[in-house]
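Quick one: structure below, then a few questions.
Chain IDs A, B, C and D follow the sequence of writing; residue 1 opens each chain.
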Amino acid sequence: MSAPAFLLAAVPLFPLSLALCCLSNWFRARALALLVLAPLPALAAAILVPKGGFAIFPPPFRLTLVLDEPGAILLAGAALLWSAAGAYAASLMARDPGRQRFTVWWFLTLTGSLGLFVVGDVVNFYLLFTLASLAAYGLIIHEQSPPAHRAGVIYVALALAAEALLLIALVMLAAGHPDANPLIRSVVMDLAASPMRDGIVVLFILGFALKMGLVPLHVWLPLAHPAAPTPASAVLSGVVVKAGVIGLIRFLPFEAGAPFWGSVLIGVGVITAYYGVLVGVTQKRAKTILAYSTVSQMGLLAVLLGVGLANADPEAAHLAAYYAVHHTLVKGALFLGVGILAVTGGRRFRLVFLLMGVLALSLGGMPLTSGALAKLATKPLLGYGWLAGAMTLAGAGSTLLMLHLLLILRHYAAEDAATSPLLGQFMPWLVVTAASLVIPWSLYPAVAGEPAASLVTPDALWKVGWPLLLGAGAMLLVQRWPGRLGMIPEGDIVVLAQTGQPLMRSLSNRIGEIDVHLRRWPAAGLGLIALAILLGGALMLRA
Amino acid sequence: MTAALHATTPGGFLLVLAVILPVCAVLAILACGPRSAARIAMATLAAGLAVAVAITVELVWSGAALTYVVGAWRPPLGIALRADGLSGAMLVMTALVVVAVGLFARVQYGLREGGGSERERTTFWQMLLALWSALNIVFVGEDLFNLYVALELLTFAAVPLVCLDGRAETANAALRYLLFALIGSLLYLLGVGLIYGQYGTLDLLALARLSRPDPALSVALALMIVGLLAKAALFPLHLWLPPAHAGAPAQASAVLSALVIKAPIFLILRLVLDVAPGQVAFLAGQLLAVLGAASILFCSVMALRQARLKLMIAYSTVAQIGYLFIVFPLAAGGAGTSPWETIAWTGGALQLISHALAKSAMFLAAGIVIKVYGHDRIADLGGFGRALPISATAFGLAGLSLMGVPPSGGFVAKCLLLTAAVIEGYPWLAVTILLGGLLAGGYVFRIIDKALAVSASPLPSRAGVPRRLELTALALAIAAVLLGFVPLRPFGFLQIGRSGLAMAGL
Amino acid sequence: MTVALQPSVLFGLCGAALVGIGLFAVVSSPGLLRRIVGCNILGAGIFLVFGAVARRGAGAGFEADPVPQALVITGIVVAFSASALAVALLKRLAEPRSDA
Amino acid sequence: MMLLFDIALVAGLLTLAVHVVREPDERSAIIAFLAFGLLLGLAWIRLAAPDVALTEIAIGGGGTGILLLRAEAAVRGRGKHEESVTRPGKLAIAVGCAAISAGLGLAVLSFASPAPTLAPAAAEGLSATGLGNPVTAVLLAYRALDTLLEKVVVLLALIGVWSLAPDAAWGGVPAVRSGEIPQPLAYLARILPPFGVVIGVYMFWVGADAPGGTFQAGTVLAAMWLLVMLAGLRSPPETAGLPLRLALAGGPILFLAIAFLGFAFADGFLAYPKALAKPLILAIEAALTLSVAAALAMLVAGPARRAPTR
C-alpha cells in the first residue's frame, strides 16, 4: 500500500482503532489525552495526499477512499477543529466522572465525521454517516440533564428519519447498478438517466437537509448543540453538520444539473438563512444563539449548492466547501470561546472578548476576515440578480445576530477578576481562532482564481463592508425591543410538533386497545378461521 | 419416476446425527437421572455443533445437497432427509444459538444463589436438547408427516420451557400457547392428509414436481400455511407469544424467540416456494406480505408502548418476523430467475439468522438485568448501562441489528429487502421496511437512553453475576453484527442444492 | 350418487364436518377443558379424513392403504400426549399453590 | 344395508359431537365424548382399519376419556372460565367453521381418481420385513423414524407434565387415587388385570401379522396398571425412580441402538438386516410396548404430588 493510501486509510481507521482500544479498561482510563491526536492523520492526509489520491480495500471490507478538492478542504478544517476541541476537552473534562464514556463517543463520532469526507463508496458512506449521527447522541446527552435527554431523544428521532430517507435514496440509486457496492461517483453519473431521478434527488435533499438543519427540519439543532459540553458543541456545530453538506456535494448531480431541484434548494436555503437570524435574535443563551447562527449559515450553504445544481456548475461544490471550512473554524472557535469567556475575568476578558468580536463579525463578513473572503469568493457564483441581494442581506442578518451574541456575551465574564482559563483550554481556542483567519487566506487564490491582493482593494472592502454596517444599524433598531428575548422557545417549531403529541398518544392507545382485543382467544381464533377462508378462497378461485 | 429423486449421498449420515444426537441425550438424561444432566448436555452441545459445522463443510465441499434415505426405504414409502444451503445455514445458526444459550444456562445454573431447582435445571436441559432435535428435523426433513411430528416435538419441548418457573401466570401462558399451537399443528396435519389423498406422496421434492393448482391442494396449502402462521405467531395470531416469551426464564425465552418460531416460518417458506405452483405461490405470497407488513408496523408500535423490558422484546419478535413474510413477493423472481437467485432470498435468510442471534442476545441480556435489578420495569432501569456495561453493550449491539443500522446482519438483510422492493416495484413494502426500522429505532433507543442515563437510586450490586454470563450475550450480539460483512448480493451458499429443485419446479 | 355413498366419501365428509364442529368448540368455548375436548374432536375429524384417504387407496390385496392408517395411529398418540400435557397445565392452574 | 348403517353411524357421530359442544355440564359432555370415541372406533372398522379402531378405542376414547374425567373432577368449580363470546361473535365463528368444513368437503370430493396409493409399494416391501401386517411394517420399517420420534414426543410430554410438580415434590410420587374408592372399582381392579395383561401381550404378539401392536397393547397394559393404582392396590412409583426411568427410556433406547447398528450391519440408520428383520422388530415392539404402557399410565397419573424419599 502506498503512503498516500496508507494515510487516507488512517483517517477513519486511526480513531476507530482508538475507540476499539477503549475496550481495555487501562487504555480507556488514559484515552482522554489522546483526543488531540486522533484527527491528526486526517490533517496530514488533507495536506499531504495529492488530490485524486485513493485507497481501495478488498472484500470483506469493500472500502474505497478518495480525496478530492472539496473533500480535502473540508477535511483539513474539520481535522484541525477536532484536534483543537479534543485538546480543549482533555483539559476541561480531566475530572469529569463520565469522561471515559465521553472519550469513546468522541472517537466514534470523529471516525464517522472525518471518514465521510474521504469515503468513496456508497455502503461505507452510509455506514460512516450513521456512525457520526448516532455516536453524536452520546455527546449530546453527556451532561445527563433532563433537557439534554430531551434534546437527545429528538435528535435521535430525526437522525433516524434522516437515515431512513438516505437509505432508501441510496438503495434506489444503487438498485440498477451491477456492483452491489458501487462507487459514489459512478452511480451519481448514472443518476441523470435513472427513471427514479426526481425521487432520488428529493430524498437526498430531505435526508441531508435534516442533517444540516434546514428549515423546517432544523428543530433538533438548537436543542442538541447547546446541550453538549462546550468542545462537543464546537465539533457538532462546526463539523458534524457538514456531513449534510458533503452528502449534498457527493450525491447531487452537479454535472448534469437539475434546475427545478436547484431552485428548491435555493428557496429553502434563503428561508433558512433568514429564519435562523430571526429566531436567533430572540434567544438568551449564547450557545443557542450560535446554534441558530449555524442554522442560518447552513441555509447560505444550501443556496450555494442550489445555484450549482440549477446551473449544472460543479465548481459550486468547491466554493461551498470553501465557505463551509470558514464556517467550521469560526463556529468552532466561537463555541470554544464561549467556554473561555465564562472562566475569564478582568482585563483578559476584554482581550478575549475583542477576539470573539472579530470571530463573530467574521461570520457576518467583516472585511479582511475569512467571512469576507468566503463571501467574495462565492459572489461570482451568485451573479448580480435578486439572489445576490438576498445573500448580501443575509450577511447583514448574520451581523445582526452576531452583535446580539456579543451583547449577551458581555455578561459572561467570570465574577472573580483574577480567574483565567487553563492553558490547555486557551491554547486550542487560540489555534482555531488563528486558523480561521489564516487558512481561508491561503486557500483563496486556488478557490476563487484571483490573487489574495485583490481582497484589499477598496472596492472589495466596500462590497463586504456595507452589509456589516446595515446589520449594525439593524441591531440598533432591534435593541429597542427587549421583549423579544425569550419570546420563542429553543427549538421553536418543535413546540408545534409537540402539540401533535396527544394525537399520537391517542393513536398509540388505540393500537394498544386493538391489540388487547385481538389477543382475546375467540378473536384470535376467529382471525385464524378468517385467514384460512381468505387464503383458501383466494387460492381456489385462482386455481 | 420419483425413485430417482433421493439417493443417499456421502456425508448424508451427518443429517441423521444432527437429528438424532440430541434425542439420544434426552433419553440418556432420563435414564441416568438429573445429576448427570448438565454433563450430558454439554457433551451433546459440543458434538451437535461439530455435526452442524461438518454438514456445512460437506455442503461447501461437494457443492450439492446432502441426502439421507432413512432405513434405505426410498420415498414415497420411506422418509428422506435432505440439507441444502439454506438448511445448512439454519443448522449452523441453530447450533450457535443453542450452544451459546447452553453455556449461559450452565453458568447460571452453576451459581450458588438463584441457580434454580433441580426440577427446573433437568427439565431445561432435556427440553433444550429435544428442541434442538426438532429444529434440525424441520430444517432437513423432506416428508410432510415427519415434519408434523417434528413440529409437535418442538411444541412439546417449548411449552414446558414457558412455564419453567412454575408460576400460575406462566402456566396460563403456556396453556394458551399449547392450545393455539395445537390448533395450528392440527390444521397442518389436515393439509397433509389432503395432499396425500391427492398425490399419494408426502415427499416435498416429489410434490414440487407433482403439484398442480387443484382444489385439494389449494385447501391443503391454505390450512397448512394458516396453521403454521398460528405457530409462528404472526400478527394477528400473536395472542400467545408476548406472555409466553416474556414469562419464560431468559435462557428459555432466548431459544423460544430466536429459534422456535423460525421452524414454522421455514416450513411456510418451503411450502410456498417449493410445493405451491406458480400462481398459487404468487397469491399466497401477496397475502403473507400484507400480514407481514401489518405485523411489522402494528407490533413495533406495541413494542414501543411496553412498560416492561421482556414484553418489549417479545413484541419486537412479532414485528421482526414480519420481515420474513415480506420476502415472498420480493423473492418471486422473474422469467429465468428462480427465487433463490434473488437478493430478497438472501435478505430473508440473513434476517432470519441475524434476528435469531440478536434476539437471543437481547433476551439473555434482559435476563441478566432482571437478575440484578429484580424486575424489568423499563422506567426504573435508569443507568443499568453503568451497573452492567457488558450486558448493556450486548443489548445495544443486538438492538442496532434489529434497527437495521450498519454494520450488522440486520442492516444487510433490510438493505437487500429494500433493494428488492425497489427493483420489483413494491413501494408499500419499501415504506414498511423504513417505518419498521424507525419504530425499531424508537424502542431500542428507549432502552439505550435508559442504560446511559443516571439513575435516581443507587445502582444495585452486581454480585452473583459472573462476567462469563454477560459475555455469552455479548458473543451472540457480536455475531449478529459480524453478519453484516456478508456480501450485498445473492449469496452462493444459499443456492447449494437448490438448482435441481428449480428444474423440478418447472 | 353411488359414488357419494361409498364409505370413504361418507366418512371423509363426516370428518370434514367434525373438523368444523371441533374448531368451533375450541374457538368459542369459554372453558379451557372444553377447548381441549374440542381439539380432540377436531383431531378425530382429521383422522377420519385420513381414514377416507386410506380407504380410497385400497389395492394390492389390502382393503385400504396402510400408510395413512399408520399415520393416524401416530397422530392419535401424539394427540393424546398433547391432551395430557394440556390437562396437566389446566390442573396446575386450578391448584391453589402459593409459590412465587 | 351397510349403507344405512354407515349413514346412521355418521349421523350418530355428528349428533354426539354437537352434543359435546353444546352440553352445558362438563361432566356430561365428557361422557358424551367417550361415547363418541366408541362410535368412532366403529367408523374405523367400516373404513377397513382395525388397527386404528383398536388404537382409537384404547387411546382416543379410553385414555383421553379417563384423562378428561380426572381433569374435570380436579378442576370442578375452580375451572378457569376465560373470555366468553358474544352471540354475533359465536355466529361468525360458526359461519367460519361451516365454511371451512364446506371447503374441506369440496377437497375431499375432488380427490384425484384413480386414488393414488402406496398399498402396492407397501405390499412389495413386506417380504423384506417378514411381517404380515402392513400397518406394523409402515410403523416400524418404512416410516420407523416417525415412530421413533413419536415415542420421544410421548416421553417429552411426560417430562413436561412432571415439570409442573412443585419443586419439592419433583421426582416424587403422583397422586392417582382420589378420595373414596367405589366398591365396583376395587372389585374390577382385582379381577381385570390378569385378563388385561394377557390381552395386551396377545395384541402385541399378533401385531406383527394381524391387527394390533405396540400402542394398542401398551394402552391396555397402561389401563390395567392405572386401574390397580386407582383402586389403591398398588401405589404409583416415584417418578424419579430408576425402574420407572429405565422402563420409559428402555424402549426408545433399544430402538435407537438397533437403528444405529443398521449403519454397521444393514443399509444404514434404521435399516434391518433382512434375515433378522422380524426378530429385531419384535424385540423393539416388546420394549416399546412396556415404554408406552409406562408413559401412558404416568401421563394420566400426572405430576408428582409427594416428595421423593432420598
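Criterion: a contact is a pair of C-beta atoms (placed from the backbone, for glycine too) under 8 Å apart; a residue touches a chain by one contact, two chains touch by 3 or more.
Note that the coordinates shown come from a computational prediction; the quantities given were computed from them, not determined experimentally.
Chemist: Central chain, going by Cα centroids?
Modeler: B
Chemist: By number of C-beta pairs in contact, which chain pair leads?
Modeler: Contact tally peaks for the chain pair C-D.
Chemist: Could you state the distance in Å from the CA-based centre of subunit B to that of subunit D?
Modeler: That gives a centre separation of 31 Å.
Chemist: Averaging only over C-alpha atoms, locate the centres of subunit B and subunit C and give their separation in whole Å.
Modeler: Computed value for the inter-centroid distance: 28 Å.
Chemist: Let me have the rounded angstrom distance from the C-alpha centre of subunit A over to the C-alpha centre of subunit C, please.
Modeler: 66
Chemist: Mind checking the centre-to-centre distance between subunit C and subunit D? Centres are C-alpha means, answer in whole Å.
Modeler: Spacing between the chain centres: roughly 12 Å.
Chemist: Return the residues of subunit B touching two or more other chains; collapse runs of consecutive numbers into ranges.
Modeler: Residue numbers touching two or more other chains: 77, 145, 149, 152, 156, 159, 163, 166, 171-172, 183, 190, 194, 196-197, 200, 214-215, 218-219, 222.
Chemist: Would you give the residues of subunit D that are in contact with at least 2 other chains, written as numbers and ranges?
Modeler: Counting only residues that touch two or more other chains, subunit D contributes 80, 82-85, 89, 93, 97, 100, 103-104, 106, 108, 111, 115-118, 122, 142-143, 146, 150, 153, 156-157, 160, 164, 166-167.
Chemist: Which residue numbers or ranges of subunit C touch two or more of the other chains?
Modeler: If we look for residues of subunit C contacting two or more partner chains, we find 19, 23, 26-28, 32, 36, 49, 52-53, 56-57, 67, 71, 74, 78, 81-82, 85, 89-90, 92-93, 97, 99.
Chemist: Drawing the touching chains as a network, do you get a line, a ring, a star, a complete graph or other?
Modeler: Shape of the chain contacts: complete, all pairs touching.
Chemist: So in the complex, the part of subunit A that touches subunit D is made up of which residues?
Modeler: 520-523, 525-526, 529-530, 532-533, 536-537, 540
Chemist: So in the complex, which bits of subunit B are touching subunit A?
Modeler: 176, 180, 183, 187, 213-215, 217-219, 221-223, 225-226, 229-230, 235-239, 242, 279-280, 283-284, 287, 291, 298, 301-302, 304-305, 403, 405-407, 415, 418-419, 422-423, 430, 434-435, 437-438, 441-442, 445, 449, 452-454, 485, 487-489
Chemist: Flag every residue of subunit A that touches subunit C in the complex, lowest number first.
Modeler: 521-522, 525-526, 528-529
Chemist: Hey, which residues of subunit C end up touching subunit B in the complex?
Modeler: 19, 23, 26, 32, 35-36, 39, 42-43, 46, 49-50, 52-53, 56-57, 67-68, 71, 74-75, 78, 81-82, 85-86, 89-90, 92-93, 95, 97, 99-100
Chemist: Could you list, by residue number, the parts of subunit D that touch subunit C in their complex?
Modeler: Checking each residue of subunit D against subunit C gives 2-3, 6-7, 10, 13-14, 17-18, 20-21, 26, 29-30, 33, 36-37, 40, 43-44, 46-49, 51-52, 55-56, 59-60, 63-64, 67-68, 70-72, 74-75, 78-85, 89-90, 93-94, 97-98, 100-102, 104-105, 108-109, 111, 115-120, 122-124, 134-135, 137-139, 142-143, 146-147, 150, 153-154, 156-158, 160-161, 164, 166-167, 213, 215, 292, 296, 299-300, 302-303.
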